[in-house]
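Here come two complexes built around subunit A, the first alongside subunit B, the second alongside subunit C.
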Partner chain A sequence: MSKLNETDIQGFVLRGYNLPFARYLFLHFEDSARARALVGRLLPVITTGQRWDHGKPQSTANIAFTHRGLAAFDLPEATLLSFPVEFLQGMKDRAAILGDTGINAPEHWDKLWLDNHVHAWLGINGQSPEAVDARCSQIQALMQETGGAMQLAWQDAAAIMDDGKPTSREHFGYTDGFGNPDYLGVERSTQPGQGKLMPDGTWAPLATGELLLGYADEAGELPVAPVPHILACNGTFMVYRKLHQNLATFRAYLEERSAQYGGGMEKLAAKFIGRWRDGTPVELSPDWPDPAIVQDPNRNTNFTYGADPQGTRCPIGAHVRRVHPRDAFGFNGRLIDRRRITRRGLPYGRPVPEGEPASDAEDRGIVFMALNASLSRQFEFVQQQWIEYGNDAHQGNDKDMLIGNHRGHGKFVVQGDLSATNPPFLCTHLPNFVELRGGDYFFLPSITALGMIAMGLVDPR
Partner chain B sequence: MSNINGKVYAMNAITPMKPWKTWVVRAIFFTLGHVKSLQQDLINLSFIEFARWVVVPRQRFPYLGNGQVKEDLKYDYLLFFSNFNGTWNQYIDAFSAVLSNGLNLVWRWSEKFPGSVPVTLFKEYIARVQFDTDYYFTAYPHATANDLKSAHIVQASLDSLVQRAPNCTPEEFRSAYLNFVIQVQAHLGDTGEAPVIF
Partner chain C sequence: MPNQNGSVYGLTILSPIINDERATPSHDLQIRNYLATVPTGEGSPFALAPGTHLARLVVMDDVIYVGSPSIEEHLHSKYLVFESNCDGDLDSYLLGLATAVPQHLDAIWSHCVGYPGAANPQAFAAYMKACQIETTFYFAAVNDKSVPETLRALQTQRAVSDFIARHQGMNAALLQAEFAQFATRLKSEPLPASGSMGPLRGLKTGGRNE
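What follows is the complex of A and B.
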C-alpha cells in the first residue's frame, strides 16, 4: 500500500500528538451559513497529518461533528441519512447497548450533554497551557468574527506531571497509552504487538479501513460510510467519553483487599490491569515490575496469552487482556482483528500523590477518545461484549475489573498457582471505580470534506 | 416466536442445490464426518453450541396425502441449523473470518452462494435464506455454552472435594481446597442476562 495523503487527514487521526496539555471545546451552531463560514475560516488552522519536519508545533487544533452538528450545516438529507445508524442516534441513545445504565446512565451525565446541543468538538493540544490558551483565543476570535458557533462548554485535560515533566500515568497510578494499533500506510514508529498477529508469530499492520473510511478493511471491503465517497474518505468516527475516576474508592479497595492477598498490594494492582503500575506487562514479568521491559519498544507490547490459558500470569479478566485479547480466543487472534480501536486522551482534574487524602467527589478522571471506522463493530462491540460482559473470555457475565459498571456486585477472579506469592484470589463486591459523565459520537472529516462542508458543496448524487 | 432466547440464538438456513451437486456435498460430509481434525476450527469457536448441515432430498419432503398437492421439486435442499451465543453479526463475522474455506466447501454447491468472503455479501445471503424460528426452548437461557462447560467443571471438582473431605486432616483439607480452587478458578463467571441486542 502506498502512503496515505497525510495532508488530507486530520493529524489527530494519524498520531497521538504526545502534547501534555489539552482543551476540548464543545460548540453549537445556530445558523448554517454562518457555521459554514466558520468552518471555512478554521480550515487553515486545522492540524493535518503532514509530517512535522521542523519539530512539534506549539499547539494543534482538530474538529469533529455530531450528527446534529452535520444537520446544522444543512447537508443534503440523502447524505445525513446515509450515516451509520449508531452515529445517527448518538451515544446517549445507545446507553442500553453500551451498558451505560444505573449511575452511568445519561441522566447522571454533565449538563452539557443532556439537551443535545453539542454540535462540534474542537480539540486543542499544546506544549504549554499558554500555547493552548493562545490557540484557543485565535479560534474564539474566528467564532466571534463569523458568529458561526456558540461555545457551550470546555474540558481541560493535562498529563500528570513528575517534577514538571509530563508522564503517561493516569490517576490510579497506572502507566497508560501502550499499544495503539498500527495501520497500513500510517507512518509511525511501529513496534511488535501493536498490529495483528500473523501465523508465524510476527505482527503486521491492520488494514487502513479499520481506522479510515474509504480504504479496504480487514474483511477486504470498504467500511460502511456516508455518501458521497469524497465526504467520507479520509474521515473516521470518534467516541468521546468523560470517565470520572473514584480515586478514594479505588485506593481503599486495593488496600483492603491486598491485606488478604499473598502477593502484596502492588502485585494485586498489577493483576487488576495486566500491567504493573510502571507499565511492565504482567504476562512478561509476573513477579515484579521491570523497567527494562517498559523502555524496550520491542518488548513492552510484544506478548501473547496462548501459553497462559488459565490466567496464572495475567488474569483472564485483567483489563488489558479483556480489551485487547491478542491470541486469547484462539485462531491466532483472527477473531479480534476487526475489534481494535485507536485511543487518544488525557487525564483531567487534580492528581493526588499516593499517601495524600483523596476524595471521589473531586472532578477527576480521564477523557477517553477512541477512533474507528465502525462505531458499532469496533467501539460498541468492545464496550458491550468485552467490558460489560465476558462470554468471549469465558467469564460469563463478569465485567471488566477496572471500568465495568459493577454497582457494588462485581466479581474479579485472580487466577493463581500453588505458590504463596501467587495464590488464587477472589475480589468481590466490586464498586464502580470509574463512572461515565458524558460524551457522544463524532464524525472527524478529512480536510477535503471540511472544505466541501464550508462551501455547501456536498452532493450526495 | 423468536430466534433469540436469552443468551442463545437459533439459526435456520435453507438453500437449494441442483441434484447432481448433492452427491458432491454428501461426499464432503462423509469426509468431514470421518476426519475429526477437519471439524476442529468449528469446535474451537466456543460461542457455538451446535452446528449441523443436513441434506434434504427433493423426494423426501413430507407428503401427508389428504389432498396435499404433490410437488415436483427441481432442487435438493441444504438445511443448516445452529445454536450460538452472542449476536448474529458476531457469529457471521467469526464464520467469515476463521472458517471461510470450510464454509465455501459446504455451501458453494448451493444456488447463488456468493462465498463467505467478503462478509457483507455473505451476510446478505444468509439473511435471505434464513428462516425465523417459530418455537424455541432453551433449558438455560441465562447461560452460554461456555457457562455450561464451566459449571460441569465446577460441579465435578466440588464433588471430588466433598468425597475427600471427610477423611482429611485439617492440613490435608487446606491443600485439597487449594487444589479445588485452582481447578475451578478459570470457570467462575456469573450467569445472567444477555447484553442488549444490536
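What follows is the complex of A and C.
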C-alpha cells in the first residue's frame, strides 16, 4: 500500500487538527448553479491532508454534504441513487435503528434539524476565536458574492481551558480523545493500541477502506460507494451528533452512588468509563490514576482485556470496553476490526468547575463526529449493538452507562473482588446523562470530487 | 449421536409444499402470510406447547444460483423448514405440539404434501418423523438444561440482581435475614411462562446491522 494522495483528501479526515476552537456552519442551497459556483470558490479554501511543514495554520475549513445537499447540486439521479441506503435516509429516519427514541427522538431535537433543510456542514477550526471569526467571515463573503448558500445556523465549540491552556477534557471531567484507529497509508505518529490487534500481540494499521472509500477494507472488499468511482474515492461518511450533557444529573448521581461504594467517588467515576478522569486506563492501573501512563504514548492506549475476563479491573460494561472491545470478544480481537470509527469533535457550552453549581438546562455538551467508510457497518453497529444493547459484552439488556438511552431504568454492573476497595457494585435507575439534540449523516468528498461537483462534471456512465 | 446433544433434541423437518398452479395465492405464499402473523413471546405456539428452547420456520423456495463457478441446481419442490431445539423425547414433544396448538400446526402444514392434520396426534407425529432429516448443528445459546430449568434460572438471575440492587450496603445480620426471606419467597414463586423472559428490546433490527 503506497502513501495516500494527501492533497486530494480533506484534512479533517486524515487528522484531528487539535485546534481548540471550532464553528460548524449549517448551510442550505437554494439554486444548483449558484451552489456549484460557491463550491468552486471554496475549493482553494478547503484544508487538505497535506502535511503542515511550516507549523499549524491559524484556521482550517472543511465541507460535507447531506444527501439532500448533493441532490441540490442536481447531481445525476443514477449517482444520487447509488449512495448507501442509510445515507440516503439520513440519521433522523434511522432513529428506530439507532435507539434515538424517547427523549432522544427527533421531535426533541433542535429546530435546525426538524425540517430537513440542512444541506451542508462547513467545519472551521482555529487557534483562537479571532482566527475562527476571520475564516468564517471569508467564507460568508464567498457565500454572499455567489449567493450560493443560506446559513441556517451555526454551532460553536471549544476545548475546555485550564489556566488559558486547552485541555482534552469534556464536561463530566474525563480526558477524552484517546485511541483513534490507525489506517494503512495515513501518515500519523502512531502508537500501540490504535490499530488492530495482531495474533502476536502487536498492533497494525487497519485497512484504508475502513476509513476512505475507494480502497480495500478489512474484508479485502471495496466499501459500498456511489458511482462514479472518482466521486467516491478519497471521500468518507461523517456522523454529526450534538450530545447534550446533563451535568447536574451526572454529578448528583456519581456523588450519591459513590457514597455507598467502597472504592470512593473517583474510582467509581473511573469504573464508569474504563479510564480515570485524567485518562489513565483502569485496565493498566486499577487502583489510582497514574499521570506517567497518560503521558506515555507507548502505554496510554496499549492494553487488552484478555487477562481480565471477569472485569474486576475494567468493568465489562465500562464505556471504553464497550465501544472498543479490543480482544474482549476473543479471536485476537478480529471480531471488531470492521466496527471501528474515527472520532472528531469538541465540547460546547460553558464548562463548570467541580464544586460550582451546575444545571442540566444550560446548553452544554459535546459535538460528536465520527468518520467511517460504512455508516451502517461501523457507526450504526456500534451505536445499536454496543451502546444501546449489551449482548455482545454479555451484559444482557444493559446499555452503555454514559451515553445509553436509559430513561431512568438503566443498570450498570461494576464487577469486583473480595477487597474492600474494589467491591462488586450495582448502579441502578440510570438516568440519561447524555441526550441527543440533533445531527445527520454527511458525505465528505475528496478535493477532486468537490471540483467535479463545482464544475458539474459528475457523470455515473 | 446426531439429533441428540446431551438432554437437548435437535429436530429438523423438511416438508414439501404443495405445488398447485391453480392455487391463488400459491401455497408457499399462504404459509409465508401465516408465519408473518404468528405471535412471538408468550403467545407463540412454541411457548404454549411444552419443551421448545428455540424454533424456526422458514419457507425455502429453491437454492439460489450465485454465478460462476458454482453449478446451477434446483430443488424438486419448495419446502417448509422446521427447526427446533427441544427437550427430551421426540414422540412426546410432537404429541405435545399436536395437543396444545393444533390450529397453528394445521394453518401452517395444511399447505404441505401429505399432511394428515393434527386432530390425530399419532398421525401428526408419524408425518413429522417421515419428513425428518438429521440434525448436526444446534443453537449455540441452548445449554444442557431443560426448558423449565432454564426458565427457573432466568427468574433466579433476575430476582437476585434486583435483590442486590435493593440491598447493597446493608449490614450483614439484616442482609442475611432479608436474604433468607427472599430465598424462601423465590422458591415458592411459580415458574415464569415460556417466552416471558426474553430481552426487552426497543430497537428496530434488521438491515445490515446484525
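The definition used in the following text is that the second predicted complex is superposed on the first by the 461 of 461 C-alpha atoms of A that agree within 3 Å, B and C clash if a C-alpha of one lies under 4 Å from a C-alpha of the other, contacts with A are read in each partner's own complex, and residues count from 1 in each chain.
Simple rule for what comes next: contacts are C-beta pairs under 8 Å (C-beta built on N, C-alpha and C of every residue); 3 or more make two chains touch, one makes a residue touch a chain.
Note that the coordinates shown come from a computational prediction; the quantities given were computed from them, not determined experimentally.
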Which holds for A:287: it touches subunit B only (first), subunit C only (second), both, or neither? neither
Of the partners subunit B and subunit C, which touch A:97 in the superposed model: first, second, both, neither? both
Which of the two, subunit B or subunit C, is in touch with more residues of subunit A? B
Of the two partner chains, subunit B (first) and subunit C (second), which one does A:260 touch, if any: first, second, both, or neither? second
A:74 contacts which: subunit B (first), subunit C (second), both, neither? neither
Once chain A of both complexes is superposed, is A:360 in touch with subunit B (first), subunit C (second), both, or neither? neither
Could you look at A:418 and tell me whether it touches subunit B, subunit C, both or neither (first, second, both, neither)? first
Please indicate which partner A:389 is in contact with in the superposed arrangement: first for subunit B, second for subunit C, both, or neither. both
Taking the superposition on A as described, I'd like to know which of subunit B and subunit C A:156 touches: first, second, both or neither. neither
Identify the partner contact of A:428: answer first if only subunit B is touched, second if only subunit C is, both if each is, neither if none is. second
Subunit A contact set shared between subunit B and subunit C covers 86, 96-97, 99, 376-377, 380-381, 384-385, 388-389, 391, 396-397, 411, 426
Report the residues of subunit A in contact with subunit B in the complex, numbered from low to high. 86, 94, 96-97, 99, 218-221, 309-311, 316, 329-331, 334-335, 337-338, 376-377, 380-381, 384-385, 388-392, 394-398, 411, 413, 415-418, 423-424, 426
Across the complex, what residues on subunit A touch subunit C? 85-86, 96-97, 99, 101, 260, 376-377, 380-381, 384-385, 388-389, 391, 396-397, 411, 425-426, 428
Taking the complex as given, what residues does subunit C use to touch subunit A? 161, 164-165, 168-169, 199-205, 207-210
If you look only at subunit B, which of its residues touch subunit A in the complex? 7, 41, 44, 46-47, 85-86, 89-90, 93-94, 96-98, 117-120, 144, 146-147, 150, 178, 181-182, 185-193, 195-196, 198
